[in-house]
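First chain written, first letter: the chains are A, B, C and D, and each begins at residue 1.
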Amino acid sequence: AGVLTIGRREDSTTFDPIKTAQNIDNWVFSNVYDVLIRVDKTGTKLEPGLAESWTTSDDGLTYTFKIRDAKFSDGSPLTAEDAAYSLLRIRDDAASLWSDSYKVIDTAVATDAHTLTIKLKNPSAPFLSTLALPNASVISKKGMETLGADAYGEKPIASGAFTVDEWRRGDRVILKKNPNFWQADRVKLDGVEWISVPDDNTRMLNVQAGELDTAIFVPFSRVEELKKDPNLNVDIDASTREDHLLINHAHGALAKKEVRQALDLAIDKKSIVDAVTFGQGTIANSYIPKGALYYYADNLQRPYDPAKAKELLAAAGASDLTLNYLVRAGDEVDEQTAVLVQQQLQKAGITANLQKVDPSQEWDMIVAGDYDVSVNYWTNDILDPDQKTTFVLGHDSNNNYATNYKNEAVKDLVAKARLELDPKKREAMYVDLQKMAKDDVNWIDLYYSPYINVSRKNIENFYQNPLGRFFLEDTVKN
Amino acid sequence: MSGAVLSVRDLTVRAHLDSGRRTLLDAVSLDLGKGEILGLVGESGSGKSLFCRSLVRLLPSPLLKIESGSVLLDGRDLMRIGDGEMLEVRGGEIGMIFQNPTSHLDPVMRIGDQIAEGIRYHQGLGAREARTAATEILAQVGFPDPVGQYDSYPHEFSGGMRQRAMIGVALSCNPKILIADEPTTALDVTIQAQILRLLMEIRDRRGLSIILITHDLGIVAQTCDRIAVLRGGKLIEEGPKRAILARPQHPYTINLINSHPSLPGEISAPLPDIGEAGQPVRPLLEIDDLHVRFKAGGGLFKGGPRNVSAVAGVSLQIMPGETVGIVGESGSGKSTLARAVLGLTRISSGHVTFDGVDLAQQKSAGLAKLRRETAMVFQDPYNALNPRLTIGQMLAEVLKVQGKVAKADIPARIDELLDLVGLEREFAGRKPRSMSGGQCQRAGIARALAVDPKLIIADECVAALDVTIQAQIIELFRELTAKMNLTLIFIAHDLAIVRNLCERVVVMYRGEIVEQGRSEEVFARPRHAYTASLIAAIPDIDPDKPLLQDAGGKDDRQSIPIQPVKRMP
Amino acid sequence: MHRYKFVLTRPLQFLPVIFGISVITFILVRLIPGDPARNILGTRATPAALAGIRAQYGLDQPMWLQYVYFLKNLANGEMGKSILYKIDVLKLIVTRIEPTLALVVTSVVLSVLIAVPMASIAARNAGRAPDHAVRIVSTLGIGFPPFWLGLMLIILFSVELGVLPVSGYGATIGEKLSHLVLPSLTVALSLSTVLTRSLRAAMIEQLKSDVATAARARGMPEGIVFWRHVLPNSLVPTINLLAVNIGWLIGGSVVVETVFALPGMGQLLVRAIFSRDYMVVQGVAMVFACATVLINFIADIVTVTVDPRVTL
Amino acid sequence: MSIEAIAPAPAWRRLFVRRPMLAVGAGLLLFFVLLAIAAPVIAPYDPILQNAEVRLQAPSLLHPFGTDNFGRDILSRVIWGARLDLQMALIGIIFPFLIGTTVGTVAGFFGGIVDALFMRLVDIILAFPFLVLMLSIIAILGPGLGSFYIAMALVGWVSYARLIRAQMLVLKSSDYAVAAVSLGFSRSRIMFRHLLPNAVAGSIVFSMSDATLVLLSGAAVSYLGLGVQPPIAEWGVMVAEGQSFITTAWWITLFPGLSIVSLAFGFSMLGDALGELLGVHE
């Protein structure tokens, strides 16, 4: 019983799932909406959500879902019709930010109230994973049509564990328990308040002063101190976040594999983990995050060896390498990493000129190729590695995440892996991909880091899975 | 006087400055009789104000201290009573009227309330009664509509009315003694006369004793019973008015009396005969139906767009070598006329022709000529000089810009100019701040002369100065015009000075010329009633020529010009 | 009532200012490099998706045309739709206006409550110990970065003493007031120093003024001289100073709102600038500007009321 | 403005004795200037050199002000920071001063349409929330010192323009201005040689408190993430960055914070003293 208060950095922007791509929204959706298929607590398996069960045709093109008996928060029944409507909406609506990911759907039809049949245009191994995305949540067709998108986006009719009771913009989203949730018995809390407290210090102080039950986005630097507080639990949950150093392969010497390898050798990931993440991170050796599906634990990890880096550079004729290093303004971690990496590169004879830019501008510059190196990170939206792999190695329209990395063999393998439906074979393909990427140094993997949240001692089961979903239906406030 | 209400004995005030101690009042002893008006005269800085402030222990700075002496009022020594008791004395026993009513009245408090404040405090009356009493006082000091005017603010009144209000404030606590510190210096002669009459009336009605501070012997002659002369903090002469005026003992007093403008001095150089020389002399300056209008109240969206006609159809001719005085009460348009003539203010209509060049038709040529051949001397000697430049720098700049003197000769010319206006040469290195008013005014005249002008316009250039210094400056002008064949337009509201200096006089009233002619004639036989009232308002040093016999005596309250409300600076 | 005529005519003068501000904000936000579409789509955006968003918000139109639309909207009392929040900007602003307004008002009130006694003490003891103390305190107060000061206040009053809430705003009046104490104190600690200095100077001048001398000469005790004559006459320059500082004050609320998690417009604006939510930046800047103009207008009315000499 | 009579050319020593504020203000400023000049000599460590061994150490004999999360010596960073912060304060007031003074002089002197235009612009900029305008300009030009200076100049000039203009309005109708016109002096001579020197005192005094504002704006901009480039030592950035450690390592923010306050204090004191010397009332 009780209302759980959670402090976070920013307020939600909308409750219309198709109109946002921000974690800040998605993380609330998971507890307001329900999806056909859920990702489990470990972040490695799919489990039934609103779809009780499903079957796949042999050609991998037709999926049939059995929709369970469930109700929306307004008491109306949730049907296959609503599910079909939701999927077509995310695919077709002009305001949808996600249509690309669902273009693979050819038709989605409610064969009866409890049966949803989806036909794909081509086989897709990651398809089921995409149904678990909070943005593909099932919305009430009737609700959307009567309220209109704007009103629905303020206060949706949904079928998750909680419903939106009040949204004080800029301040907090107040959720209350949804008695119509099909797993209502599982929910112990009366409600949840997501409260926006932008300043990290203030947010932590709120929990310390007992004014908030929990706070998320705990800065690495605060972990040790908060651990010492007898009233608090620091929850460190595995995430899919991977920080890496983007390299613009199109720029001069960086086109040479040896130069990129030298960079990899010149960066001391251990000291970054120590100084920037205060020991909370672990050194990354693959673009697929540790613990995630198909992660290859034995992938190569180049040692820190500035001397060898120097040799390599000399051999490649790039001894006096000068790099333009883009830094995201206002991002503490990014700035600290930059300061550290700059000094490390110096030891290998590489000059990195830091250029601090506004975060919104940074990605524009990266896409435009106005950079040599820059630290960036990726968190998985879905369990399947295909999304990230395609973006990073698959030669899609993004020039491989703006790195201009080119390797035809890799590209072909990415496409093949997407169509391969046999998990064993797929895994082998992804192991190969991880090896090839590491050899080419498409970018430099830096470290994996966990989600760090802090909660008062009386809060139990406050947990986030690696994709970021909070399992508030299990959380207990004593 | 046997029945002295107030007797001051050996009052000594010293200033304890960083630079050392200075004695500002040196053992002054004085008595004030009941119902008596005592005139305290003396040049600026002689300690008149300080003396009065010492009586109520309100010294202007904590650095000044009353060192010794006693002030006996009703048997109490005001220098020895406690602060609480002193509060009773101030206002309650001794009321003060100050020189500048504008700065002494609280601008954000209603006039009536300022009077009522003292009544409530000193007599413990309630708000309602105090209001009635204050209204009564307003009526006594001559407010035509006391009930309505109770709620007005000081800025809504003319200077004269403000001074009446100030007197009302002083009367509010029903004091026995009134100290009036130069109550009329800021006012016009006509209004000055009214205020002085009011003071005498009050004395008669209430049996008050008054100390009247002034530097104008004429005022003393007209209003006081006794005179005390201060100089350098010392009382140099004291006695009944007639005795002192008739037989002054101290040379300073003699000088003071002699320099009083109302004494008919010898008339200046005879008028150059114009028609007789045979050849027609072209006027140096011709003003034809000149109008200058101002938008009062200012900008586009502010207030009602109201026009003030500062100069309304003036026509005037001035011959080369002439000395012409322009007189008229404050606001009559004298300065505006001068500025318009010099191209410093836009002309609304009419013509100004200087030395044959019409300023409206040949604007740039005319202005260039004006700038090279005319100069102006200003009223306030301090404000007219750039405080950051030394006198030498200032003169050098003028000479350089005017370009009439070769660069190498500039220093010599500066010395020459300083000699001409009677300043030591070392003044070239001084800044205005370290000079006295009279010295600054001389520097201002030197600057005008540096242009080597044909025409000088002097706008109230002696109003801010002491009588003795006034006389020196007038003398200087007289010499200069004679020596250099200057044409001089001398603006003043003090008719006496004009009579001394100018051959011809022009009288302005509300933007128009109401009378002009040879000085002796105008002064002897004024044709216009306004001129007559102006002349009558000059306090004569002869105590037997009463002030304002008839002219403007009764209906003066209507003629008080209500000044337009100006935006706060 | 003639002096108050400007109340009717002055609003006309606001128009050019508001118009100027609309042009400047419009151009300014678009000059900031960075693409709003990219911003909401994140790093995974495809060119097609980007184009879609740009078309949806008319960002693909030429600049002048966008401005025309903006003006057209404005004429209809609308400010366009937020790219980030997907709702009408005006609606968004309405939900966020109260905390900022409350913060500004309480800060000003608090500053005045601090400044008047401080300045009085200093002025009446000019040159002596209390005066020096006030001057030193007020000079020091000005040098603290507000975000640091705010945090210190939180640590002291909320964490250590536990008497005031750490952050946020609250729902009831009582809650709101208690939440406003620390943020407005943070602002007031720096604003009051400016006011104190100005008021002190004015008071010292007024204490030496002829008006005060005249009041003393009619036997008024120092207390009456001070409260009835010196104080009212010292207020006008301070009111003007306050009015001039209001833009600075509202701007400063950006930082204070962030530290104290006040859900006001300052926070909204900062997030909008950083995420290139053009319509919101325009809208909020316009509202801020109107507020500033309005506050200056009110200051004018107060000035005219306090000082009968002033006409506008 | 009123001009008080001051003793002619008092010896500098008497000046300081009689005006302790001047002594304190000038003394503090001089101290920081010396610190800035001597930074390479007196700073015990390299201000940007990281040392993993000594991260987050409390003040000790080796590191009198402690170290930050990279093991950099705070004392050295504070000393080097003096260079940047003094530079920021100076450049941050000089350009607004020059622009504002010129605009104010011209607008005040000519009046009419020129004045109206400039003053509307002033109104517009004043109506804009100061920090927001700064943020936008910095965002446009990209974070960094240059942008900060440009932003300060674009935003800060209005105060000076207003001050000077108000003075010019009074002075231009003063008798000595009219005298200068009647003597045929050119407008620019009257404006810049005669009126400006008399009008400028208030702005000089204001610039001293403006310097504080510049420092604080710099700190606020740093707090919002748009401060100078790392790893440069600048006090505002140090305070902003040290915020993360405010409850664990107070020394990271305290010392740069105190430096800002003392420099601001010095400027204010000097401003007050100058105000008295020049006879300017706020």
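The rule we apply is simple: a contact is a pair of C-beta atoms (placed from the backbone, for glycine too) under 8 Å apart; a residue touches a chain by one contact, two chains touch by 3 or more.
In this text the structure is predicted, and so the values were computed from the model without any measurement.
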By mean Cα position, the chain sitting nearest the middle: C
Separation of chain B from chain D, taking each centre as the mean of its C-alpha atoms, in whole Å: 46
Interchain centroid distance [CA atoms averaged], chain A/chain D, Å: 45
Inter-chain centre distance, chain A versus chain C - centres from mean C-alpha coordinates, in Å: 39
Distance from the mean Cα position of chain B to that of chain A, given in whole angstrom: 86
Sequence positions of chain A contacting 2 or more other chains: 201, 205, 330, 358, 361
Multi-chain contact sites of chain C, meaning residues that touch two or more partners: 32-34, 147, 151, 155, 258
Residue numbers of chain D (touch at least two other chains): 139, 142, 224, 243, 246-247
Full enumeration of touching chain pairs: A-C, A-D, B-C, B-D, C-D
Chain A to chain C touching residues, read off their complex: 10-11, 13-14, 16, 19-22, 94-95, 97, 99-100, 150, 153-154, 168-172, 195-199, 201-203, 205-206, 208-209, 211, 330, 358-361, 363-365, 367, 376, 378, 391, 396-398, 401
Interfacial residue positions of chain D with respect to chain A in the complex: 48, 50, 52, 55, 69-70, 139, 142-144, 224-226, 229-231, 241, 243-248
Of chain A, residues touching chain D in the complex: 200-201, 204-205, 219, 221-222, 224-225, 271, 274-275, 327, 329-332, 335-336, 338-340, 342-343, 354-358, 361
Contact set on chain C toward chain A in their complex: 32-35, 38-44, 46-49, 52-53, 56, 84-87, 92, 95-96, 99, 147, 151, 154-155, 158-159, 162, 165-169, 171, 258-261, 263-264, 267-268, 271, 274-276
Contact footprint of chain B on chain D as seen in their complex: 3, 5, 7-8, 18, 170, 174-176, 178-186, 189, 193-194, 197-198
